[in-house]
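In order of appearance the chains are A, B, C and D, and numbering begins at 1 in each one.
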Amino acid sequence: MIEMHDVWKTYPDGTHALRGVNIKVHKNEFVYVVGPSGAGKSTFMKLMYREEMPTKGQIFLDNFNLGRLKQRKIPYVRRNIGVIFQDYRLLQKLTVFENVAFAMEVIEAPKKLIKKRAMEVLELVNLQDKLSNYPTQLSGGEQQRVSIARAIVNNPSVIIADEPTGNLDPETSWGIMRILEEINFRGATIVMATHNKEIVNTLRKRVIAIEKGIIVRDELRGEYGYED
Amino acid sequence: MIEMHDVWKTYPDGTHALRGVNIKVHKNEFVYVVGPSGAGKSTFMKLMYREEMPTKGQIFLDNFNLGRLKQRKIPYVRRNIGVIFQDYRLLQKLTVFENVAFAMEVIEAPKKLIKKRAMEVLELVNLQDKLSNYPTQLSGGEQQRVSIARAIVNNPSVIIADEPTGNLDPETSWGIMRILEEINFRGATIVMATHNKEIVNTLRKRVIAIEKGIIVRDELRGEYGYED
Amino acid sequence: MKIRTFVRHIREGVKSVFRNGWMTVASISAMSVSLLILGLFMMLAINVNQFAQHLESQVEIRVFLKVNTAEEDVSRMEFDLESMPAVKNVTFVSKQQALSYLRTVFKDDQSFLDGLEGENNPLNESFTVEVKEPRDVSTVAKAIENWDQQEPKPIIERLRWGQGTVEELFRWTEIIRNVGLVFVGLLGLTSMFLIANTIKLTIIARRREISIMKLVGATNSFIRWPFFIEGIFLGVIGSMIPASALIYGYYRLTQSEQFQHFLGFVQLVDWQTIAYPLGGLLLVIGLVIGAWGSIFSVRKFLKV
Amino acid sequence: MKIRTFVRHIREGVKSVFRNGWMTVASISAMSVSLLILGLFMMLAINVNQFAQHLESQVEIRVFLKVNTAEEDVSRMEFDLESMPAVKNVTFVSKQQALSYLRTVFKDDQSFLDGLEGENNPLNESFTVEVKEPRDVSTVAKAIENWDQQEPKPIIERLRWGQGTVEELFRWTEIIRNVGLVFVGLLGLTSMFLIANTIKLTIIARRREISIMKLVGATNSFIRWPFFIEGIFLGVIGSMIPASALIYGYYRLTQSEQFQHFLGFVQLVDWQTIAYPLGGLLLVIGLVIGAWGSIFSVRKFLKV
């Protein structure tokens, strides 16, 4: 599903964010990406939906070589990926409902379906009371949940979640984890960066640990593994 | 130090974020504010540095009545408060160093002192390698640490920290907590909203729990208190 | 593109006009103000041009006949002149009329004309020839001269068409026209630049939004369409405001007797004559710059 | 404010010019382009004005003397005329000169002037009086007339100063001047509006930054100062570019023999005469709008 061959990423300012990453994530896997702040987790994931391009090496997603992909094809590849951004990236001019609906309008879904499905996922993340609020009128955690709702609304085959529970209380976080597990159960591949030790150690999955741009550990049913 | 008398906050869209809050935080206290997402924690704290004004009720900070404060005086009150914003609020056009230095330029500190002190706090949060990067060139956790550095650089007598460890790995989070405890030990009052159960339950402090805009619990040496 | 998507683009484009409050106001007012000045200057230029044309149309050829030309030769000449295709009008001026004319010219000082009445009148009979195309006046004059000289018995003594002065007049009307044109052109270009510049700024302010849309899977055209629609709306509003203001103002001006009195013999161009081309031109500029400026500015943020 | 803070504001203001890349380019180019058009139009207006003045200065009074006025009376009159404070120049025109003049006017058709030579010359002697202030021509003429009539033996037969025509001329130069002034004024206002509008957009884009500064404890003036400095820089750059371009272009124009030839007898205003006031005016507009536009736009975002 997702493959990286000797991937390096050096940002224009000279920061080596990733150095020689080789990885293979299979269809329907659930992978935690862990590591200290600034280790390269977000970069690792940005490469998967082509927000960033690798400086060196190759990335395959669903057999597409992302480096060779024509500009015109990129949107279609992205439609199979639901991204929960670390900084949410909500459209500030649109309401909560419209933000989620936007992802469906992009794939030209019929209006009725949009309404039904968007309501469904917003209820799932418990935002049914905030439908017509703008992102600036939401609390941090509420914004994060809108981002989650938007990522899952199209039932994508891959979900990339960058610290999806960073601003959520434990209870809500577990709710989100249940949703992600459910989606994973129904066939989607999930890559999730997280600092939440409790979640990683409780819901055991494959764990990829990155440190200073290098994969230092890759265990099936691993632990968070950093001692306090 | 900080007092609220029957404080209500209703946002223009009709959301009742706080309903009749009475609280007294003493000088040199360390207070955790906990509660589910959207409970009103950030609103509660925004009132303290006057980002928001209460719809009803009165707030005193250091014996200033924030509601009666003249526009011209506000900046001077804010200079005694270091705020770690939930959404960081870094100046995008300034580098990491300049962002921290800005808070000192505001109080017209001498240039040499600015340089020395800003370097000091940036080392404290382990960002000495990112001095001349812009916020867009930082990882989520790095941005959060710049926000922390800026909040503490002027040795304010109050620190308001809105989920200061939301995007940090546990180890870094503990580092930040040590810094906050140290500052508290040296006499500052600290109010910190958090979802981090482990921290709250380990470093026992006063805990204020907010739910749906009401203070439902206020314990000295309390626990996080929400079951998973 | 599915029809519902097209409908969606129109809806979002129109919504965007309202959602971007400040930015929309800034774009529309920049457009209105620039086009107002442009339109105002165009109105002035059109009127100056008509005035120049009026001056030019007063150019005429005087054909002085030899003394004692037979009356039948005079009639033949008149007929010949009138049948020339370039000629608009021919008027015969008798000796007596010429003298009366001199008296009006020297009205304060005509003593020296006394004693030239009747038989003693030394002035020539003449024709005043108006040409259809004032610029052809020299050519026509020379043609008349040549053609008389080929006659067995030439009867023209001399032609006058303000040689020198006419050329000077045309040089001046030409200069004024060109200066006007250059200014209208420059004003047009700068208006377009300033409008496009403003629109670009409003879109730069939305570059983050555009990049988010791309990351969520939108194609370039999906993003562009609402901007295009929005640009068209901006164009329509931003050009119809100054166009209506100008046309209404001009209408009031042409109706104002006071102003007409002030201008004296100068005749303003009809307001109907000006209204459609001016309104049309401003609308076209507004639409083109609005739509093109929008989608062009969006372009550079689509590479995400 | 401490000196180091002032230095800091200047440093930050200048840095800001560079840090805001696109926005700075947009502001400066909007300013340059608007002021370029404004300056160009002002140059045109100044030249048209000088041309009008030139036309006006050709207005003169003709004083026709009675036939057979004694030579000493003529001299006395000349002396009297010359000593009038409103009079610039007095020229005597003899009968013979008057006749020659008529011959040049009727150069093709002067047969009727034959026989008026020498003793038979029926024309009057006259003075041509140029006044210092062309607008005073009627007043001066009437003064001369009155004052001659109070003499025991009036010698003036008649005065002519283009009654009617002169008023018409002045009416026209007046209209042209006013139209020019109105346009310069309107262009000035719209330039200022468009520049301020652009600057406002760039500052709206920075409103979040401004609110962060306030939350970190900055006073309003601390935030405003760098914007003020930045505005001044924008003003200097954005006005000096069009000013230099215009002055250099105008200098080249005045030096161009070809262009002078094309204009004929019209004399362009010296480039030095235009350079300082034009450059100064554009600079002042740039500075005022740059600085004022910046801090004014910042103002509404300071209420945090």
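In this text, a residue touches a chain if its C-beta (ideal position, glycine included) is under 8 Å from a C-beta of that chain, and two chains touch if they have at least 3 such contacts.
No experiment lies behind these values; they were computed from the predicted model shown.
With steps allowed only between chains in touch, the distance from subunit B over to subunit C comes to 2. Taking the CA centroid of subunit A as reference, the farthest chain centroid is that of D.
Centre-to-centre, using mean CA coordinates, subunit C is 25 Å away from subunit D. Averaged C-alpha coordinates give centres for subunit A and subunit C that are 63 Å from one another. Annotation: 68 Å between the Cα-based centres of subunit A and subunit D.
The multi-chain contact residues of subunit B, meaning those touching 2 or more other chains, do not exist; every residue touches at most one other chain. Chain contacts in this assembly form a single closed ring in which each chain touches exactly two others.
Inter-chain contacts, as defined above, occur between A-B, A-C, B-D, C-D.
For subunit C in complex with subunit A, the residues that touch the partner chain are 1-2, 4-5, 8, 16, 19-20, 209, 212-220, 222, 303-304.
Chain contact summary for the complex, subunit A toward subunit B: residues 11, 13, 15, 34-38, 41-43, 86-87, 133, 137-142, 144-145, 162-163, 166-174, 195, 197-198, 224, 226-228.
Across the interface of their complex, subunit D is touched by residues 22-23, 26, 29-30, 33-34, 36-37, 40-41, 44, 64, 108-109, 111-112, 116, 122-124, 158, 160, 168, 171, 175, 179, 183, 186-187, 190, 193-194, 197-198, 200-202, 204-205, 263-264 of subunit C.
Remark: subunit B residues 49, 51, 71-72, 74-76, 78-79, 81, 83, 85, 89-93, 102-103, 105-108, 110-111, 150 touch subunit D in the complex.
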